[in-house]
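After this come two complexes, each holding subunit A, first together with subunit B and then together with subunit C.
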Partner chain A sequence: MAASIRQKLSSVASRTNSLLRKSVTSIEHTPCVCSCYSTAAKRLEQEPRTAFRTNETDPRKHTIDHVGLYYSVPDEEMAVLKTGVHPWHLRMMKSFNESCMMVRKPALELKGYLDKLNLKHPVPRFLLYGRRGSGKTMTMQHTIQCCHKNGWIIVHVPWAGQWVRGWYKEVAVSTYKPDRYDLPADSAEWLNHFRAQNQGKLTGLKTTSEYIWTKREKAEAGTSFDEIINFGLSRLKFSSDCVGVLLKELREQAELKGLKVLVAVDSVNAFYVQWNQLNALKNIEKKKLQPGEISLVHNFKKMLNPDWTHGVAICAVSEEANDEDRRENFTPVYLLGQEGFEALDPFVPIFVPEYTEKEALSNINYFIDRNWIQNAHGKTDEGKKELMFVSNRNPFNLAKICAQS
Partner chain B sequence: MMAGISPWTVKAVFNGTIPSRRLFIVFANKHNLDFGTNNVARLSSTPDGNDRLHTAPKTQNKPTAKAVTISKAMRAYMEQAKAYDDKMKAEVADFEIGKRHLANIMGEDPDSFTQADVDRAIEYLLPSGLYDKKARPVMKDPYEIFPKKKAAQFGLDGRPYHWMYFTILPNYYSTLYEITWKLEALKDSEDQMRAENRLDEMEGQSFNTASSEWISLQALKTRMVENIKEKEYNHFVTLMERLVSHPLSGREQNFIMEWRVSLQAEELESAVPEVEVEEGGRMCATATGTRKSSNAIVKVYKPGSGNFIINGKDLTYFPQNLYRETLLLPLMVSDLLGKVDTEVDVELGGPTGQAGAIRLGLSRALLAFVEDDVKEKMRLSGLLTKDPRKRERKKPGQQGARRKFTWKKR
Partner chain C sequence: MASVSVRKTFVVLNSRARDIKFIQQRALHMSLSLKGQDIKSIENDKETSSDTDEFRVYQIEGLKRTSSVRRAERWSKRVPPPRYRSMSTEQDWTDVWPTASTFKWSAVPFPVRQGYVENSSENEGVIPSKYANLELMKGPNFLHLTPAHVQKHCKAIKHFCTKWPEGLETDEQCQKHFPVESVTSDYIYAGPSLTDDRARVASIKFKLSDLKLDYHARDKFVRLVGDRYNPETDDVFFESNRCPLKSQNLEYVKFLLTAVYFESWKNESWEQGKQLSDMETYVWNHNKSHKTCMSLLASIQAKDKTTEGELGKLNYLPENEVDTSVICGLPEVQQYKVAVETLFNVGENMETLNAYKMAVEKLLNFKSDV
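On to the complex of A and B.
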């Protein structure tokens, strides 16, 4: 152990040797050798009470007063969200040495709806829409965390666009219906994701009917969900079917067992709009596949139908899921197209706006706190104003600009 | 006989040949027309230039008993002048007839056929796609086409009018002479004041050089009607600087300002747009800007909250940050970021041109809301200067404006 630490220190020292030689006098010596060379944000023992932070880490208790403030996500909840968070966010969180999210108004609005929901009605659909990088995905994460705290079962699609594209993706003819196509790898990945997000919530859930995989293999009625997942993961050929089974059972049992199911689908327009780029999915005859022909998509579309109860569907539309010539507008009707709009109508649209001035300032202050902005001018009021102007207060753009400077 | 020569009647003959005498259409090119500075001195049009050049001594007109002897040089000059006059007369007659022909061709009244009509007719009858406007056919008054020459510098007896004629640059050297004497005068008065112990009066009497600069070499050349070289120009500037640095130079302000041009700072005053006050006391200033082929009309409202609307969209009109940064600069320099609202109509061109056009228009509009020192700061940052660069045309026989085709042996 001690040896490895020494090794690490020496590698740090060798990295910074040239620096040492140049400016020996200017370095302040502190007891810890690492910290004075490290640019990484230091994890504080006790979080200070700063203007852009709130100590309220429970998303259920966030109110309008918390808008624009950062709260840290505890590690055990981060483990649940982790598989669904965008790698870019994960990388940022790693750089900042903590997992923080901002409380924003659309998430609170959504929470308000969920709190007052009558679950006995057919599933209501909420649709998040907004410009690129305005925070639709993070709003969804906030809501997922909220529902997770409340013990909901989470059926989450981190990015639906993944299922309609792929360069060398394995596409197999469905074992259930010959005119459908399976994506074994993607299905298995989703099964893992589903299991990770619902750790401990699936015990006691059992299938209600018999499923025959092959002549010799079948799942009797009363098989637990965990076994179905394990089967899907061990027999990749049937992983797509396992997903279908799980979703069907959830729909059927939600009312009987009084479950609460949250269906969250990011870039839902990929389900309804054909992806025509070079990396579109093709079958063995090189024919481009319609989204509806992919069994995963087909099964998830059923989750969005209002023919079951005790559930909520939260969707987000994103421009990236559409072809490049169909990205002029960011409104749901435009992005979903005729088919998608008819399938989801009626839904509750929730606009995710750009940062307000307060939120943008809070974000910039957070970056300064995390040593992400180190330029002296960036810490002044004028610098902050310039950042806000150039980024047009778009969250993703702001982060990109701050990463450049 | 030749005593009362007016300045322009005595002119050198122009040796060029004219292809069509009838219609008097000259396919002028740049080489032909650019006679102004290098080899031929032009007849000065400024009154003071004329004064320096052409006032013949009064004694010239007195009748004398002696037979008038005319120097060889003067005779040659007079012959040249006569030939030039005759030629010009013929040219003018040709031009008048040609104009009437042209009017008839166009089916208009020859008597009321103006130069504007001529230009229009030529453009219609001889359409030209040539890039250089000077290379296109023209039909103009011969006096505008043929180069004018400096009038005679000496009288009939061969004596030069100007006492500095033999310095080759009489106007230039007489100006230097004048400057030197003015400087000496200032020194004298300084000495006097020193003797009378009135030195405290001298304070504040020096000339303020801010907001103006010395005229350029080209301008000096035109002013003097002489072929002045860079060396002479530097000499002139040095001498002038010496005059200006004298503590009493303010007394010669008028003389000094004759040789200086005001900087844009004063022109700024005229560039400041008018402020309209809307209902509710909100101020609005409008200005235009251009860059490349883009045009922008910018409206700035004060007070505002920093909203920026371009063609009905917000800043997302420019997806790239570079263009937003372009717009940021005027607001930063004027320190009005977040204090004004902006509305822009921009058309034509690409994003670079449009962003540049908006920047120029915005800077001009912001002038209405800033103090004088900020205006100067904005001018120095280059915000108020139009970028004159345009797309360069493609040349025949080349791949592009400059790029040549790949060289292949064969």
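On to the complex of A and C.
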């Protein structure tokens, strides 16, 4: 009896074994002779190509499809943008051996507004706002590049906070109005900056009225802009007045000559918010200067008034340009204060968000491509996720974290 | 190198030799002093035991026990085991812990730990248990307020209670029929004096929305009562302890309500001189935003008149010059007005900023396809 059972069991076992063996052989993948007939998806030899770059280097042609992609900026255009880019970003560009910027949605939005603008109306004001390090300045640079390519005259203030604070700065009583104060060095710096950004665009522009500097020196009506700039650079005492003259002439001639003027002011809230006693600019009597008392600021405020045409004003508010106790929020009315809001109102607020997941991934992939991220873990999906999480997808934080590791 | 080491050993040897000499001297001195003592004791003994011929034995005092005293065993108190060990699980807890009292470890039948150990060396790193735990005694406990206790209390006072009135089932109904809530307190305790300072405090609380007030009166009321008004709950709270009696204080807070109510309905002559900074809310028509908007629209209107073609014009503006009130009434301007007012009155957030953005886009005809 027992023997028979054992026999049966063994026969069952052998059958199942053979079945198993059979099924194994049937499942086993045999190298297909005719692979062209196979319907299975081909296994990728390497990781999928990470797309983070676009060949479209012309910012005018960027569309919503390019969002999150990097495009390279040629050197001659970088010379125009360089002064507005933050030094750490410039250093990074130098390390990467190329100047690349990311196409982002707020910049495209701004471009969309500019394309459909009626320039005969008083200057429209656009205000970029967003968290610290979210890319307000780079959005502005993108737009400046656009307008530069279109041949606009660019009136750019890279960092307005420079003019309202400082400790060892030369502050002179204005030669034009005694209750205003000049910053000769800053004005000269700006004149240089203006000339560099508008090379070739100022030819043919001449003043329309006479300006008397001193008893013996004056600029006749019809003096070219280049001469005014040169005068300001050689006679630093009058550099602030030269800035005023240029801005006034631009405002007046924009409509007459059909110019297109882009006014870009970064951290515009510095024009309207006072600094504390310690850091604010002071005159010789140690009196704290209001921003409006500084002739440069006074002149640029006029550029933001909607009483001239054929121009666009793009401003950005930043927390750093406010006093330390007024930095809690990043929203425009809070940063500008009542006075600033009333001066700019009605403006179009444009929110510059932090990176979306796609943009953050593109940024990380770009860093990997540039060998900026060399850690093996940083190149894995998990590492990328960690980087995104730790930086909260804030562009500046992401760059900072990647530079540390 | 070698010379130095040799020198060292020499010094060591030298010092040893000195030590040995010193020890020898000490020994000599001690033996001498011992001899002197012996002689003295022998002389003393001569008088006491002169009758015996044998050698006397030198008795060292205290070496041998002379008498044995049997002491009674010390009575020691036997500590009974803690009470919680003998408690049954069926017991009535309210009998164990009838009133509020300090934590008593022996009467609490559950394990509980309290305290802080700084490191593993302190109490072996374990938080102290309930035995003689001062931390547990410090804090108040609610062992006298368990559900069973409350049930017992309720049962005891139930026959004093009346039936809950009909029609006051919900809080809303109570609020509707009894809009003013007044709170007074009585304090009873066993002591030589029956008075308590705290007993005279009286307060009333009511919703501001229950009062009949117009815009001006409401604003004035809120300004008059100051921080007694809570804008989040819409409650006004008056409290007084300035009079010696409770009834006087209650009368006083009721008087306050009456006085403030009628005062806020009055319109004084000095209220006409209200400045922009005195405004309780942002009103667009009084602010600079209104002015700039009007002048901007007027200049756009003038520009549009001179230019030909329809492209980029503000179509909603009328052809001819009209009064600012007409322009103010346009839906685009109204939307903008509302947006600015909410931006200031509600505060800045993504919604209000986006509403403002949309309003400005419509107002000035900006478009972006992105």
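Here is the rule we use: the second predicted complex is superposed on the first by the 354 of 405 C-alpha atoms of A that agree within 3 Å, B and C clash if a C-alpha of one lies under 4 Å from a C-alpha of the other, contacts with A are read in each partner's own complex, and residues count from 1 in each chain.
As a convention for this text, a residue touches a chain if its C-beta (ideal position, glycine included) is under 8 Å from a C-beta of that chain, and two chains touch if they have at least 3 such contacts.
The model shown is predicted, which means the values in this text are computed figures rather than measured ones.
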Combined model on subunit A: subunit C and subunit B, fit or clash | clash
Determine, under the contact definition given at the top, whether A:389 touches first (subunit B), second (subunit C), both, or neither.
-> first
Between subunit B (first) and subunit C (second), which, if any, makes contact with A:98: first, second, both or neither?
-> neither
Give one of first, second, both or neither to describe whether A:56 is in contact with subunit B, with subunit C, with both, or with none.
-> neither
Using the touch definition from the top, say if A:401 reaches subunit B (first), subunit C (second), both or neither.
-> first
Comparing subunit C with subunit B, which touches more residues belonging to subunit A?
-> C
When the two structures are overlaid on chain A, which partner does A:77 contact: first (subunit B), second (subunit C), both, or neither?
-> neither
First (subunit B), second (subunit C), both or neither: which does A:189 touch?
-> neither
Regarding the shared-chain residue A:252, is it in contact with subunit B (first), subunit C (second), both, or neither?
-> neither
Just one of 38-46, 74-82 or 200-208 in subunit C hits subunit B in the overlay; which is it?
-> 74-82
Mind listing the subunit C positions that touch subunit A in their complex?
-> 287-289, 292-293, 296, 299-300, 303, 307, 311-314, 336, 340, 343-344, 348-350, 353, 356-357, 360-361, 363-370
Residue positions on subunit A within touch of subunit C in the complex are 64, 105, 108-113, 116-118, 120-122, 124, 306-307, 309, 329, 331-334, 341-342, 345-351
Within the complex, subunit B is touched by subunit A residues 131, 382, 385-386, 389-392, 397, 401
Listed in rising order, the residues of subunit B that touch subunit A in the complex are 306, 308, 314-316, 321, 324-325, 328, 331-332, 337-338
